[in-house]
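Each of the next two complexes has chain A plus one more chain, namely chain B in the first and chain C in the second.
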Partner chain A sequence: MNEDLSPEYGPRWSDQRVERMLGALVCAVVGLLLAMIVTVLVRAWPSFSHNGLAWFGPGGSVDEQLNAIFLSGQGGAEYIYTFHAWPLIWSTILITGGAILIALFSALFVAVFIVEFAPEWMSNILQPVVRFLASVPSVIYGLIGVVVLVPFIGNHLVTEGQKESVAGIISLTGYSLLAAITVLTVMIAPLMVSIFSDGLRSVKPGWLEGSLALGVNRWRTTWKIGVRTARPAIVAGTVLATARAIGEAVMLAMISGSVGFAPNPADGLIFIFEPSRPLAPTIVKNIDQLSSPPANATLFAIASVLLFSATLFSLTGWLARRSMQKYGSA
Partner chain B sequence: MRIKSLAIAVIALAGLAAPASAGAVTLIGSGSVAAQPVLQALFATYTKQVNPKVKFVYTANGGNAGVKDVQNGTSQFAGNARTPLPSDAGTTYIKMFMDGLCLDVNKKNPLKNITIQQAHDIYRGLITNWSQVAPGGLTTTIDPVGRDTNGGTYNFFLQAVLNNEPPASNVNALTADGLVQNAVKQDPNAIGYAGLAWQSGVKPLKVNGVPCAANKISVEPLKYPLSRYLFIVLPGDGSSSPPALKKFIDWMRLSPLAGEVISKAGGVPAFNKKS
Partner chain C sequence: MDSSVATPPAPPPPATPPPPQGKDAVEGSATWRLSDRVGLAICWALGLLFCAIAVAIVAYLFVQGIKFLKPEMLVTPASAGFSQGESGGFSDALFGTLIVATMGIALALPTGVGIAVWLVEYGRPTALARITESTIESIAGIPSIVLALFGTVIFSSTALGFLSRTSEGVVFGRSFFAASAMLSLVALPLIVASTREGLNSIPRHVREASYAVGKTKAATTRRILLPASRPQVATGAMLGLGRIIGDTAIIIVLLGATQNFAPVEDASFPLNYLRGAGTTLTNFVYEASPTGNLNQPEKAYAAAFVLLLMVLALNAAVDVVHRRARKVGTWSS
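== the complex of A and B ==
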């Protein structure tokens, strides 16, 4: 640290220089981000322009379309771009939505418990455990899913009658919505818990004390004042978790199943055992096709949809937080 | 102080990397998962017993992906489990050794033999129940498991069993031979396919009455119906490859020692001289 105090230190790192340097750094980062978005959109454009809005709609088998796209253009034939991504989008919505819903409620209650009700020794243990869980790499969750959860669902929960009823169309082997949602929930809930509890902890103590002093019981105080004040943090945590869930590729590629099938809630209970493949794992599974120009455009189109939805989520999160800020800061 | 420790760290890292460039060669390859166990054994033996200056880095990302790596120059060689396709332009295929693609079922499945036609019908979704394969066995729904399109094994299966028709939508496509093996091991109703080196914990079926075993693997004359060559893929016509790589390939194809390593690791030597 002695060198920091040397006479050179002052003039070399004057405020002006630091300001300029940091400014340049920020510009570079923003520029990089813009360049990335532009690249993705430009590469994706052929796929969107050939399909129009039908890109997002249902129609035919996605896997056959992807295969036809990849094989097209060999020997000078024309490129094929026809692609209807609905089964992939529907699978993303089901898996991400299901996991976020379950994780939101469980994480909220866990956070309230850790901050308000748990004895100190317990929250001292839970806190680091939750933070550790939030940083476990997703491949590990995927491995546990493949080795433990998938065979359990396939061999014990799915009945022979259910398998027979869809035989020849899809296999109910445990690679399913249920497995994907369960593991994804376990993966994102700790992230939510740690952000929620930070929010709950930063509620002004005076507000809670005031309520308690008026004779309101502890649960009601926490729920009506603590949780309500911490709503911006809850939105922020949910948005962050959603972004992670939507972009999750490796773990879902391992356990969600590998067919571009749209699970149908009208099928009844079987529905949660049906396999599907969300958008992000589709990119992982077809990564070797990047050398074919139409397949390249299609994969970049999927990427741009993911990028766009992530942007949309952070925007809505920001808007929601802004309108809630009047209840207090968090 | 901070800058100094940073500099020390950089020098230390460079120091770690330095011995690799001192006269030694590192050969970078990727591709076939089916060939991986045998290749890794060959690499280890070559570095230990033949030429300690040659090191290998091999990423098993699937044979088709490996050929792409060779085409765009990120790999110096690739392993592949299928014969060349038109899309492989600009590469050379050299036969390394032979392998059999076994059709595997769970150990709880009493089935012993399967025909190519039955396998075709299962993977095309025409047969969906084990009772349609053989009477007196399981009466449950079949769970077919296969490889995804990254694998050369997928293409070999497509050509040898499916007559180049795509697999049905009920086939669960997994990313590696080990995952197929794992899925068959865990599911009593499953059927899968994987190379000879991936047969622990599962039960290989006889195909058209011929067992999937090393002594039956032969391409000319064809004995086991799903016998195949595993190939090493080089860029161009192979002449631009580093001499160290060429020497390794000759050793692997011809030396008796390599033959022993290949059969121990689950492959079948094709050209190696008997010791």
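== the complex of A and C ==
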């Protein structure tokens, strides 16, 4: 472009200069992300190097370990780093996995309903509802969980016998896996519904019509043709929702029970009433320990695990969505 | 056309009515197998369940909010007190939310639009464009608690001491500046995605027409493309705003654990508040909930109600922008 031709944008806003300015901005944001990854890993290193792979394994009580780590940083004594995060990781897996399974099932049905089967008035109601549920702040979900769901579980679903059977180990008050999974499902299902229904809408109508013309009914057509074609969108939505669920900190800090305890499914159905604490809420709960160097390293180690897994999931979701574009949506 | 001469006029086709249009043209579920109809019933049940959950949340908070929200809570700051009636309101939290939202979006909007313009209009070298795209996607997936921890490292560095409280060479690193900067990263991916969508929907010939009258690429972007994608930019900004208002983890970590403004002493009016610690509505709800340090559930309801009103207003605004954009219409090629 000849920059002299544009009177209002002289050489000050020439194309080359604008391109360079925007390029610098982009590089700065990319650099910031790299700096973040490096910083978190460097800060986390002492904790990982002292524990090795045992960091991820079970052993001892997590809460006592965290406390010892924090206190060792306060006095002049030697720092303690011993930390076995398995109960926290196991709790993250149980809560995220449970919520994703339920949300996947219900979001798929709701997305199919919105796109194919709902009468117009119904989908006109459902779409804003889904958008609203996705935009409610997590702390409001947490508050409602604490004041409504947790007392309900504690007073009505858990029997006295169950409370007594585990009395020596842990108290069942309603802060439980069940509460955490329920509220987390409500939080991530709307995200999945919106990505799933985008995918279902972009299925070529000709493919569906071809199936209908063969006499296959609408229900079968939607599931055999529509849902299968939208598979990349379903993978993308599930994976992105998983990333969101892993990183959810505040709501889970409020209702997961905040005990470093690993509920054991082998104990029978009672395990869903047992409290636990996933990785992200552990950071929130211990945030005032950042001033103690070993506690600082431990919290950053937890953060680096979260960062690694969430980035992995969101990049997978991005790749899945790109492959969907390659299919050529209508 | 001689055949038309020979043949008598064809009898009118048998009077079958045209297939009814609209609702009746769609096959009903009456002929389906039982399993398919059960599936449809599940669809209805889950759809109604979603609606019921949304209605329950709104209704519950409206009832509790109207019961416990008193107008003076919006203008009195929180104070120490023995009962919930004595300990003031949450005006500091309300203003904190407004400050954080303004500063966060003021940082995120230009950055996000700039990145989107670069990705769509320039995007060379291609490798950098790929890296940028995946960077934005990763930022969208990073838990905000991790962003917050990273923020404590950056803003505690001595070089950035002018952005927060400093005492005897130790930088506190918790301030409105720190929290807003990290919150802008939360909003960034939404703004980039929405702006890109808007720019991509503008067909090529519009750009070519502008180049043909001698406008530079920069002038075309500024005068033609960005105004044309204003609805999408606005949508992205409002979605980002919703995320900023709703985020709690970053506020808990980076705004200091106070319930009031804590301005620094060695600065003049706007800066002393912005460099100091504070609180927002989300943080207030967290602390005032039964699991928090304050444990004043009545005020948690009131604050959550105000927060929910903000979210509802933002949702409504997004709807209005969408509807208006649709009325203006799309590009015809």
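Here, the second predicted complex is superposed on the first by the 294 of 330 C-alpha atoms of A that agree within 3 Å, B and C clash if a C-alpha of one lies under 4 Å from a C-alpha of the other, contacts with A are read in each partner's own complex, and residues count from 1 in each chain.
Following the convention adopted for this analysis, a residue touches a chain if its C-beta (ideal position, glycine included) is under 8 Å from a C-beta of that chain, and two chains touch if they have at least 3 such contacts.
Here the structure is a predicted model, which is why all the values come from computation and not from measurement.
Engineer: Taking chain A as the common reference for superposition, should the pair chain B and chain C be classed as clashing or as fitting?
Structural biologist: Once chain A is superposed (C-alpha atoms), there is a clash between chain B and chain C.
Engineer: Contact-wise, after the overlay, does A:V259 reach chain B, chain C, both or neither (first, second, both, neither)?
Structural biologist: first
Engineer: Of the two partner chains, chain B (first) and chain C (second), which one does A:L240 touch, if any: first, second, both, or neither?
Structural biologist: Touch partner of A:L240: chain C, not chain B.
Engineer: State whether A:V147 touches chain B only (first), chain C only (second), both chains, or neither.
Structural biologist: both
Engineer: Just checking: does A:V26 make contact with chain B only, chain C only, both, or neither of them? Give me first, second, both or neither.
Structural biologist: second
Engineer: Identify the partner contact of A:E164: answer first if only chain B is touched, second if only chain C is, both if each is, neither if none is.
Structural biologist: Touch partner of A:E164: chain B, not chain C.
Engineer: Contact-wise, after the overlay, does A:E64 reach chain B, chain C, both or neither (first, second, both, neither)?
Structural biologist: first
Engineer: Touching A:D288 in the superposition: chain B (first), chain C (second), both, neither?
Structural biologist: Touch status of A:D288: both partners.
Engineer: Comparing chain C with chain B, which touches more residues belonging to chain A?
Structural biologist: It is C that touches the greater number of chain A residues.
Engineer: When the complexes are fitted on the C-alpha atoms of A, one of 187-195, 259-267, 277-285 or 313-321 in chain C overlaps chain B. Which is it?
Structural biologist: Residues of chain C that run into chain B: 259-267.
Engineer: Would you please give the residues of chain A that touch chain B in one complex and also touch chain C in the other complex?
Structural biologist: On chain A, the overlap between the chain B and chain C contacts is residues 1-3, 146-147, 253, 258, 287-288, 290.
Engineer: Okay, in this complex, where on chain C does chain A touch?
Structural biologist: Going by the criterion above, the answer is residues 26-27, 29, 31-32, 36, 39-40, 42-44, 46-47, 49-51, 53-54, 57, 60-61, 111, 114-115, 117-119, 122, 128, 131-147, 149-150, 152-153, 185, 188, 211, 214-219, 221-222, 239, 242, 245-249, 252-253, 257, 282, 285-286, 289-291, 297, 300-301, 304, 307-308, 311-312, 314-315, 318-319.
Engineer: Going by the contact rule at the top, pick out the chain B residues touching chain A in the complex.
Structural biologist: That would be residues 1, 61-62, 64-65, 68, 71-72, 86-87, 125-126, 128-129, 140-145, 148-150, 166, 168-175, 179, 182-183, 186-190 of chain B.
Engineer: Chain B touches which residues of chain A in the complex?
Structural biologist: 1-4, 61, 63-64, 67, 70, 74-75, 146-147, 150-151, 154-155, 160, 163-164, 166-171, 173-175, 253, 257-259, 261, 275, 285-291
Engineer: Flag every residue of chain A that touches chain C in the complex, lowest number first.
Structural biologist: Those residues of chain A that touch chain C are 1-3, 5-6, 8-9, 13-15, 18-19, 22-23, 25-27, 29-30, 32-33, 36, 39-40, 43, 106, 109-110, 112-114, 117-118, 122, 125-126, 128-133, 135-140, 142-144, 146-148, 186, 189-190, 217-220, 223, 240, 243-244, 246-250, 253-255, 258, 280, 283-284, 287-288, 290, 299-300, 303, 306-307, 310-311, 313-315, 317-318.
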